[in-house]
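Input: structures, listed below.
One chain, chain A, appears in both complexes that follow, with chain B as partner in the first and chain C in the second.
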Partner chain A sequence: MSTTTNLKIEFGGGLEILFNNTPELNVSLSTQGKPTVRDLIKHLADEHINERKELFIEGDTVRPGILVLINDCDWELRDELDGELEQGDVVVFISTLHGG
Partner chain B sequence: MIKRPKTGQQVCKDCFFFAFEEEIHKTITDAGTFKRGERVAIGASGGKDSTVLAHVMKTLNDRHDYGLNLFLLSIDEGITGYRDDSLETVKRNKEQYQLPLKILSYNELYGWTMDRIVEAVGKKNNCTFCGVFRRQALDRGASSLNISHIVTGHNADDVAETVLMNILRGDVSRLGRCVEITTRGEDTIKRSKPFKYTYEKEIVMYAYFKKLDYFSTECIYSPEAYRGFARTYIKDLEALRPSTIIDIIHSAENIRISDVVQDALPKQQKCKRCGYISSNELCKACVLLQGLEKGTAKMAIGNKAKHISQEVTGDIRTIPMFKMPEQQQKAEQRV
Partner chain C sequence: MSCGNPQSDVKDPGAETPERRTKPKNKICLKCKTEAPVIQVRHALYCRNCFIFTTSGKFLKWFLATFKTTDIYPAFYIGVSGGPSSRYLLHVLQTQLTPRKGKGNFIRPGAAEKLVVIYVNHANVVPGAQNLRKDIENMIKGYPNAEIIEVDVDSAWKDSQSSISAQLSGLPGQPPSGTTSSSTADLFDSTLATSSLESHLSLLTHHLILREARKHADGLVGKDKELPLFLATSATRVTIKLLSSMSRGRGWSLGSGEVQPESSQFGMRIYQPLLNTSSKEIAYFNKYVVPDDSKPVVNRTFSTFAPPKSSIDRLTEELVVSLERGFPSTVSTVAKTGNKISFAGEAKEGERLCTLCGWPARAKANDWKNGIAITKLDDKVESTESDQPSLADILCYGCYTNLTDSRARSEVNYALPGWTNEYAESQKLTEESMREEIKDCLLDDDE
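And now, the complex of A and B:
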């Protein structure tokens, strides 16, 4: 039986440009069991980016240099791609690749 | 919670802020970067690095009583739809941090905006113009404020990337200089990089958690292919082993250039036309400007540049004479 998980997604550091200039997005994921960050990245790349996908996704993960925070916690502390997502989680993607 | 790339430590938000700021304090003080009472310009583009730099310099100057007079210094390259927007961010930073702001434009200094330069030379080589012009513009802006020390937001990732690029180019003289916290020849304005050991990841995290106001749009004229490659490579290395970045910097710090090689490197001199520091008789900015004025701009790039005539003919525009700030001249007289 598949479950539906509602998540709040935020983009920063210029990534929002890839997502039609929307800094925030509500996403519903339908998965067998709990969805992982891997599922979320694939979903975002498939459903929400029109062009230049390669600036967001590389293989099944985000392009190096993109930071991921889940409820303000670094995803590197939460099993990265395999980290499970819960109902209502806030996931932030921030690009570090812009000049400064 | 964040995982610090340099150490792998897991820290909460508040401990992260403190560690981040105090590491920069240590970098600055270990190197004896500043003198009490010094006037220091923060090169501010409105981007993440310089915005965080302005915030941290202000914080540390207050917390540790450095006694510095801080200024924001911005260069307006004249890129419609990019720099005009990012300068709005700098203007907000001026209010947020209560620091005086000076904006100097390419148009004022060189009589050309980047928009016009791109019209003349096309999109391919325009970054050469922009880079050469910006470096001088920052020095001249500082000089006009009687400032002889500029801090920039170059971070550890940038430094590691520059090390790799200098190795790939075989540029021995820059390889040694690019990892120094403060670089200065004689007669030039000091440049310091308080973030030379600070990871880009942490700068972005800091800006995000502190909710700092920064501008993050790619320059409309910059494909920057070469740097792009080095950057991607560094990011790939970091993903495998985060300490790589600091390792590259430490390696370059330990390279010693033999005296024989040192003697063979081009000597610094003053540009005959504008007085700015240069390794040839004419500085790069004067050569590029002459090309623009004569409509032969593309010739000024690469090896052909050496054959450019040094005589100013007729009424072409030149750059005003460069003067060091008085403060600096006096200090040097004492030595």
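And now, the complex of A and C:
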């Protein structure tokens, strides 16, 4: 059965430029079971970036130099791509790249 | 090996190998041993409070080791771009200097009577870049005794009608044509490579910060006393700088200051206290601590949205951040190695400073360049017949390579910043003063 999870997404470090200068987004993810960070990254790249997706995504993960926080917690402590997201989670993407 | 074609059946055998990552075993904060961790820095886990305490404590430890408690400076200068690193440095520096009651008032305030923020505006030169003056005003609004000096990149060309500029423009004895701003435009318009554009901008920004700081310091303490100037180069950024500087031919002067925690240039004592702090630590600290209404602002650069191979800096950045993700301790190791590089040029003959960047330049850069470059015989004959001193005689190899990377190639058609003449004059003075010192030991030609 498909479930819908509502998430709040924030961008920092210049990454918002890729998302039409939008610093915050509300996203609804429809998935079988709980969505993962992998699902979210794919959704953002497919639905919210018009061009230069490669500056955000590399394979199925974010490019090196982009940090991810889930509810203010480093995603490296939450299984990174396989980390499950809950209703109302706040996910922050911060770029540390000057050129991107 | 893969042939690079995604449709090819021949695949890179290493492509499917997962990244080798070491996961920390403990699930509690390394410091307090009680709270759940929220951030992993290299292989250490911290809870939010311990991370903030440890990160600001790292700066405090450096500060106390560097400045005597009895010293009170009329001003501390800080170069601020508005980006994450300078926002972080501004915050920790201001925190240490602002009198507060209670916990967190780590050192006595008043190490400096005021904080002078120097901001170089790139909006006239970089397409799409904004003037961030208002954002930076917002960043310092809560702090007492802070002021901003804003300077445009164009101002590097003030007083640029120097003999060096004229000589470089190919018109000896005549001032370069064009107004101040058009000279800037000429320099950036006639440079083809993004690597050179970035290098020009970085060099101009560094020197404008130095010169504005010195000009302000002259009014406070006179010309002879050095005052501290803080620059916010992070461990990640210094690693990129170290590798890209070597790639650009700036290896000779690396030990002199560019990647060092402390150096002196143009009468300022330059401190780079963030050389042990990664961009990840800075980004998390800004996220946790810096108020929402004064968060860092990232401005456009020449390589914003550009592919990694667009410039040496971009490609090096790509390498370094990939290294940082895959093997977290390696970047800080490279950054620390940069601190250990020392300049070995003092004993060599023909030691001099580049009149453009101000760092030591190896003599006869042109000979070196000619030795590795393919040149036409006609050009060679022309250059040997010229009486003018060549660019290579007054510039370092890195600046020479950057400047000659223009559409003109064989002739540099734009003026150089005003300070080039000043540096050349100061070097002449140094040579004269050295001669004065050893004059008793010199033999006259008649003797």
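As a working rule, the second predicted complex is superposed on the first by the 98 of 100 C-alpha atoms of A that agree within 3 Å, B and C clash if a C-alpha of one lies under 4 Å from a C-alpha of the other, contacts with A are read in each partner's own complex, and residues count from 1 in each chain.
Note that in this section a contact is a pair of C-beta atoms (placed from the backbone, for glycine too) under 8 Å apart; a residue touches a chain by one contact, two chains touch by 3 or more.
Since the structure is predicted, the reported quantities are computational estimates derived from the model, not experimental observations.
Colleague: Should A:Thr96 be classified as contacting the first partner (chain B), the second (chain C), both, or neither?
Modeller: After superposing on A, A:Thr96 lies in contact with both chain B and chain C.
Colleague: Does the superposition put A:Val27 against chain B (first), chain C (second), both, or neither?
Modeller: Neither: A:Val27 stays clear of chain B and chain C.
Colleague: By the touch definition at the top of the document, which applies to A:Leu67: first (chain B), second (chain C), both, or neither?
Modeller: Both chain B and chain C are touched by A:Leu67.
Colleague: Touching A:Arg52 in the superposition: chain B (first), chain C (second), both, neither?
Modeller: Once the two structures are laid over each other on A, A:Arg52 reaches chain C alone.
Colleague: Common interface residues of chain A with chain B and chain C?
Modeller: 12-14, 17, 64-65, 67, 69, 72-74, 76-77, 92, 94-100
Colleague: Within their complex, state which residues of chain A touch chain C.
Modeller: Those residues of chain A that touch chain C are 12-14, 17, 52, 54-55, 64-65, 67, 69, 72-74, 76-77, 92, 94-100.
Colleague: Would you mind writing out the residues of chain A in touch with chain B in their complex?
Modeller: Within the complex, chain A touches chain B at residues 12-14, 17, 63-65, 67, 69, 72-74, 76-77, 92, 94-100.
Colleague: Can you check the complex and tell me which residues of chain C touch chain A?
Modeller: Going by the criterion above, the answer is residues 37-40, 45, 48, 83-84, 236, 279-280, 282-284, 287-288, 295-296, 298, 301, 303-308, 310-311, 313-314, 317-318, 321-322, 324-326.
Colleague: For a test of understanding, state which residues of chain B touch chain A in their complex under the given definition.
Modeller: 1-3, 10, 13, 45, 47-51, 153, 155, 200-201, 203-205, 208-209, 214, 216-219, 222, 231-232, 235-236, 238-239
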